[in-house]
Amino acid sequence: MKRYFRELSVAAALALLLLVLALVAPSFFSPQPLLSRLTAQTPSLVVAVGMALVIICRQIDISVGSQFGVCAVVAGLLAAAGLPLPVVLFTSIGSGMVMGALNGWLVAGLGLPSIVVTLATMVTWQEALRLFQQGKFVNLPPGTQWFGLRQLGGQTALICAALVLLALAAWAMKNLAAGRFIYAVGTDAEAARLAGINPRRTTLGAFTLLGALTGLAAVMNVVQSPQVQPTCGAGLELKVIAACVVGGVAVNGGRGNLWGVFAGLLLLAMINPALTSLHVEAHWEKAIQGLVILLAVVADGLRTRRSRR
Amino acid sequence: DKKSDSSSAGNSSDGKKLTIALLPKSKGNQYFATVEKGARAAAAELGVELIYDGPTNTDPAKQNEIVEGWVNYGVNVIAAACENREGISGALKAAQEKGIKIVTYDSDTTPDARSFFVNQATAQGIGETLMDTAAKLCGEEGEFAIITATLTAANMTEWRKNIEARLAAKYPKMKLVTTKPCDDQKDKAQAEATNILNAYPNLKCIMAICSPAVPGAAEAVKQAGKAGVVKVLGLGLPSENRQYVKDGVTQAVILWKVEDLGYLTIQAAVAAAKGTLKTGDKTFTSGKLGAMEIQDTDIILGKPFVFTKENIDQFQF
Amino acid sequence: MNPVLQLTSVTKSFGAVRALKGVSFDLRAGEVHALLGENGAGKSTLIKVITGAHQPDGGSIDINGERVGHLTPASAHKLGIACIYQQPALFPDLTVAENIGLRLEKTRSFARVDWPARRTRAAELLQRIGAEISPEAEVCSLSMPEQQLVEIACALGAGARIVIMDEPTASLTQKEQQLLFAVVRELSASGVGVIYISHRLEEIFALADRVTVLRDGESVGTNAAGELNETQLIQLMVGREVSHIYPPAEGAPGEVVLSLKNLGCTAGGVRSVTLDVRAGEVVGLAGLVGAGRTELARVLFGITPADSGEILLGGKRVSISSPREAIAHGIAYVPEDRRRHGVILEMPVAHNITMAVHHALFPGGWLRFGAETELAQKFIRDLGIKTYGPDAPGSSLSGGNQQKVSVARWLATKPKLLILDEPTQGVDVGAKSEIHRIIRALAKDGLAVLMISSDLPEILGMSDRIAVMRSGTLTAMLPGKSDAHEVMAAALGKEAA
Amino acid sequence: MNTFLKRLLARPEAILFFVLVAEIVFFSVAGRNFNTSDNVANIVRHSAEIGMLALVMMPIILTGGIDLSVGSLLGLCAVIFGVFTHEWKMAMPLAAALTLGVGAMAGGVNAALITVLRLPPLIVTLGTFSLFRGLAEAITKGTMTYRDFSPEFIALGRERWMGLPLQGWLFILIAIGIAVLVHRTTFGRAFRAIGFSPEGSRYAGLPVQRRIAFTYVLAGIVAALAAIVFTARLRQARADAGTGYELQAITAVVLGGTSIFGGVGTVGGTLLGIASVAVLTTGLKLIPAIALAGIGSELGSLLTGALLILALAGGTLAKSLAVRRSRRQSHAAPKPTITT
């Protein structure tokens, strides 16, 4: 209970928000819009899972938005060229892995600070993509949306896939040696080295995995509509990092829980829809969003303040 | 209050190529990429050098910086699409004082800061066309919502004002329920449209006034199973909306011929620099487009064009 | 008998500092081989070479008769080397069980973690060394000595053929020390080679079979422990005679400087402490690990402020709620955890030394580099801090020298009351007697000293009076020249026999 | 002399200094009108606000913190300044002074959440990043723009004194102030100590929370000042002012060699970081081939990214080379002095 206070307080904030909606705007819970909303969050959730690993490893990756854009355009162009979906999927994941591994190599191999490295790769991929695509949408062939399934089937499939992935990752972080290595390296890389863990390989792995998940997420985004916008990753990094830190992942590594990240993401993602449902005017949205982020963590701050020794 | 129009004609007469700088509101955006295409065609035709640069995201301060950089670089004409009407006028006026011709296109600055405005449609024209089309689609009554790029975008603010003015004046039975920003993101527009559809069950129409928002809103309506029930219209490119228009999800896409806008802008810029286009002229003959009407200092490209199911296949941009 | 470990002419430099200048060393199965030397002699560096934490610049390493090329912590682990580092290399955010598990398990990356087995094993190991620590506790909530116990559990459980202990007892008290000794004897009886580093010579004589002495990165020879007496050993280490006699108290104590009345702090586990410390007096504070001595010091220094009772300074009642207030009242505190609290490793020695005297040294907040260097140099000279200069970062100093820097910082404040928490942990004999001499000299000048130490001889030798703590309260106040048994009995809560 | 040079070269800023010199030489040759006073004035005007933010971001990063809210705060202060001058009809100096007060208060909000509640700076300023921008939008309903400022005020954005734009002088003043603070006072010493080890600093009796709070309040005040300069330069105040500036400021700071983990960094390095980005992005646009290809902005961003990696990797590489060299020499080197 004490250990998971942050996660629980975020979950409580989310529950409170949903409760208010249930009372004031019950139509919020009608199935179709809810399903569409949740489906729209699946790519972010997948990226957030990877980002959580990287942050727990005491690193950060702010290039995921750009990576996401590149992967989405790659996937879109391949799909438009008529290649089958598995090829599209694996190429996108592969591109993500390559970009993630590059970050990982620069960080772990050369020992550069990750925020600087990924700041650099962020602008690199973003500008390269801008020069290459000039903002042009990629129109996809008809069978691509929802993997060629019906809308309901496609949405269910995406949500299930994302949740299964989340559960698997959460299980692995707790029960696989590799997951524990990430925690260990994030807590103290030197101690990890002395314990016989290879911090470089662990860090490289975390970045590569984040890249792969970003590639996967890009495809999950691409199949949701008949066209790809090249700037579709803009702002994604901020969103998933916010979800992680609000969800209780410690920015200086070693602590965090993927279910907390899930709660954090849902909380952040539900603010805007909630405000619309409560008929709050748009120019209040950002301010309220900021307030909710602060309030969600203030509870935690008050608690630690009281119990500080 | 404008200087003599022949001041920079010497540049072309001494044999040096004219340098025209074209400023988009933002780069890496298909609308302005299409403008650039038209502009490059005109530049090649006229044998002038074309510089194309702009902020990589819509940033009014960056536009000023780029203009000031061009003044120092020594361009002959600046053709600008102004993110920010007043914000950029200072920089443009300073450029004028250095003898640089200023032409604006797409969205204007204050009249004293430029010679001509290549007018594809006035803010008033756009606002009224949007509102009138929406009213027609809804049968002049019911709720509608707007999706814009950001709440602060200057031209969209102008359009919204005109939409609201038209609404107040002509359509008392219609009601604007909400205006949401989408940050020029299709996916965010889709999310916002989903929310709006959910929060306002009686909604008749969504009006998307930035181009990524049109397909975004259409996808939301489609997913909600309300195609045709809730009408979608907006300002956008035919290529991004073709399928939705054909499927009857989007009823109307409004735009002008974007490539021609770029073409005409460069034609006018060069003519203004050479002195063949002067204040007070009533028409302007521009290459392949032929004679264009000039109202005061506005060169009129033509009325906004409404793309529908019937005509959308004729346009490829 | 073939040595399990053989080092030949190993060299290692850090920048311009030559920490090892060709050291040869061997370890036999089943022996306890003590490694001795002054602070900065190169002991820790040598063992880090053995564990693969540092790459040697030259020389060779043979393990079990085989030459090993590139040694990493992981491969050393596989070769059966386990180590308790001088600075606990634990993961503060993880639980004790997991810390032990990570150190002991040799799993592949994608193997599954067996949590129940981990917990059972951790609990069993902790019990074997007699530590009362929950396997579920997070390491960051453990005190320094408790962390050391966890380290010992790791080394014990590794099933290694070579176990290295770098000052394992630096902050342990008699009780844990005895438990540790039992562990070491058990290990060597089962054929494990143990390398044991300590500055407490009595431990060497109690445990070691052979002794190797390092001086300035060179080995000055290996001897059987029985062949040497204490004086000879010190002579070998320091290269000269050092009288290891505690300086005598001079003059009678003056006024009461610090007076505690039923002081308590629930968060820190201190319950109703009543104590007087006079000017010119050294009061030793003894107790077992977890007795609450460090906590008492932290209360006095305003880190975990008191919530009951009174603190009187010079007769006046004060409340201390932050270290700044404590400093303003003339209290100085040399903390127990040198790495986290005592020195800032990344900062130069000079900055570390002047850190608590900004107000006095830099009037108006303006840095005066000349004055700062001068002050730093004075302490480097006076305390014999081995460093290439005031600009050297703290991390480049050996553990003992870091401790001296930590002491220097507080001497610079010219306090009225000096609280020392394990002041000579990890300090070599020469420096130790130097620190003792300084403490005495300060007391003579009217300073009141409260000295927490787990080194019983030190307590007995230095204290004018000995206060003994047990579970957060003062259980006995003994005169300076008490008997060790009396102190231990009070600490353990038994009536003196 | 030789060792002095070596020590100079070993500093992380050295590489940046050479990059800057190389940029200037290259653009003087290859760029059009690069070496003009107009261009210098442009560079100064265009980077003054981001530069100010970078300067105050530096002490924050030195303490191991970060402030993502400075760009949003710039927007909020610009809007509030507009409200003061236009809606409340205040005199310009009073409005400016009050705006600085608002900046200080906003910085104080960050400071309070970080130091009193001990929340991580990244989360707190992520929250206020939204909150401040959101307040600016709420005040203006997103659409309102304050314009028509008095000519005297606008002069602050345009005029030059002794060849340098006025905001350039302001920037220099702030730079000197921060440099003195960081390098010559006990404040700077405390920032570093806190950045290395907040716990250790507390045990040394440093007023850790007060010093941390100070950096955020200072950032708030300077962000407000930057807002006023920005308003004067653009002649208008709107809720979107300063969007994205936080990232550019952080870029300049880390490029200048300040460690994102705290403790390490110099103001000189930060200034070099600001200058090398400003010169690079401006200079590229003055190269005719690049201007005509229409890729000036993209290339500017790309090369800034490359520069980031280069400056850091270069520093690391140089250090490891230096270590290797000194290791080779150490066999001949004299013993370190040992005091007993």
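Going by the order they are written in, the chains are A, B, C and D; count residues from 1 in each one.
The criterion applied here is as follows: contacts are C-beta pairs under 8 Å (C-beta built on N, C-alpha and C of every residue); 3 or more make two chains touch, one makes a residue touch a chain.
The model shown is predicted, which means the values in this text are computed figures rather than measured ones.
Enquirer: Counting only Cα atoms for the centres, state how far subunit B is from subunit C in Å.
Expert: 73
Enquirer: Determine the centre-to-centre distance between subunit B and subunit D, using the mean Cα coordinates as centres, and give it in whole Å.
Expert: The separation of the two C-alpha centroids amounts to 35 Å.
Enquirer: Need the CA-centroid distance for the pair subunit A / subunit C, whole Å please.
Expert: For subunit A versus subunit C, the centre distance works out to 45 Å.
Enquirer: Can you list the residues of subunit A that touch 2 or more other chains?
Expert: Within subunit A, the residues that touch at least two other chains are 126-127, 130-131, 250, 281-283.
Enquirer: Give me the residues of subunit C that touch two or more other chains.
Expert: Nothing qualifies.
Enquirer: Please list all residues of subunit B that touch 2 or more other chains.
Expert: As it turns out, subunit B has residues touching two or more other chains at 27-28, 56, 151, 181.
Enquirer: Which category does the touching pattern between chains fall into here: line, ring, star, complete, or other?
Expert: It is other, because the touches fit no line, ring, star or complete pattern.
Enquirer: Every touching chain pair, please?
Expert: According to the stated criterion, the contacting chain pairs are A-B, A-C, A-D, B-D, C-D.
Enquirer: Over in the complex, which subunit D residues touch subunit C? Could you list them?
Expert: Spelled out, the residues of subunit D in touch with subunit C are 184-190, 192-193, 196-197, 199-207, 263-264, 323, 326-327, 330, 333, 335-340.
Enquirer: Mind pulling up the subunit B residues that touch subunit D in the complex?
Expert: Of all residues in subunit B, those touching subunit D are 27-28, 36, 49-57, 59-62, 64-66, 68-69, 71-74, 84, 86-87, 89-90, 94, 150-152, 154, 157, 160, 181.
Enquirer: Which of the residues in subunit C end up touching subunit A in this complex?
Expert: Going through subunit C, the ones touching subunit A are 51, 53, 72-74, 76-78, 83, 85, 89-94, 98, 101-103, 105-113, 115, 267-268, 304.
Enquirer: Going by the contact rule set out above, which residues of subunit C touch subunit D in the complex?
Expert: Subunit C reaches subunit D through residues 13, 15-18, 57, 216, 301, 303, 323-324, 326-327, 333, 335, 340-347, 351, 355-356, 358, 362, 365-367, 380-381, 384-386, 388-389, 409, 430.
Enquirer: Residue numbers of subunit A touching subunit B in their complex, please.
Expert: 25, 27-28, 30, 32-33, 36-37, 40, 126-127, 130-131, 133-137, 139, 151, 221, 225-227, 229-232, 234-235, 272-273, 276-277, 279, 281-283
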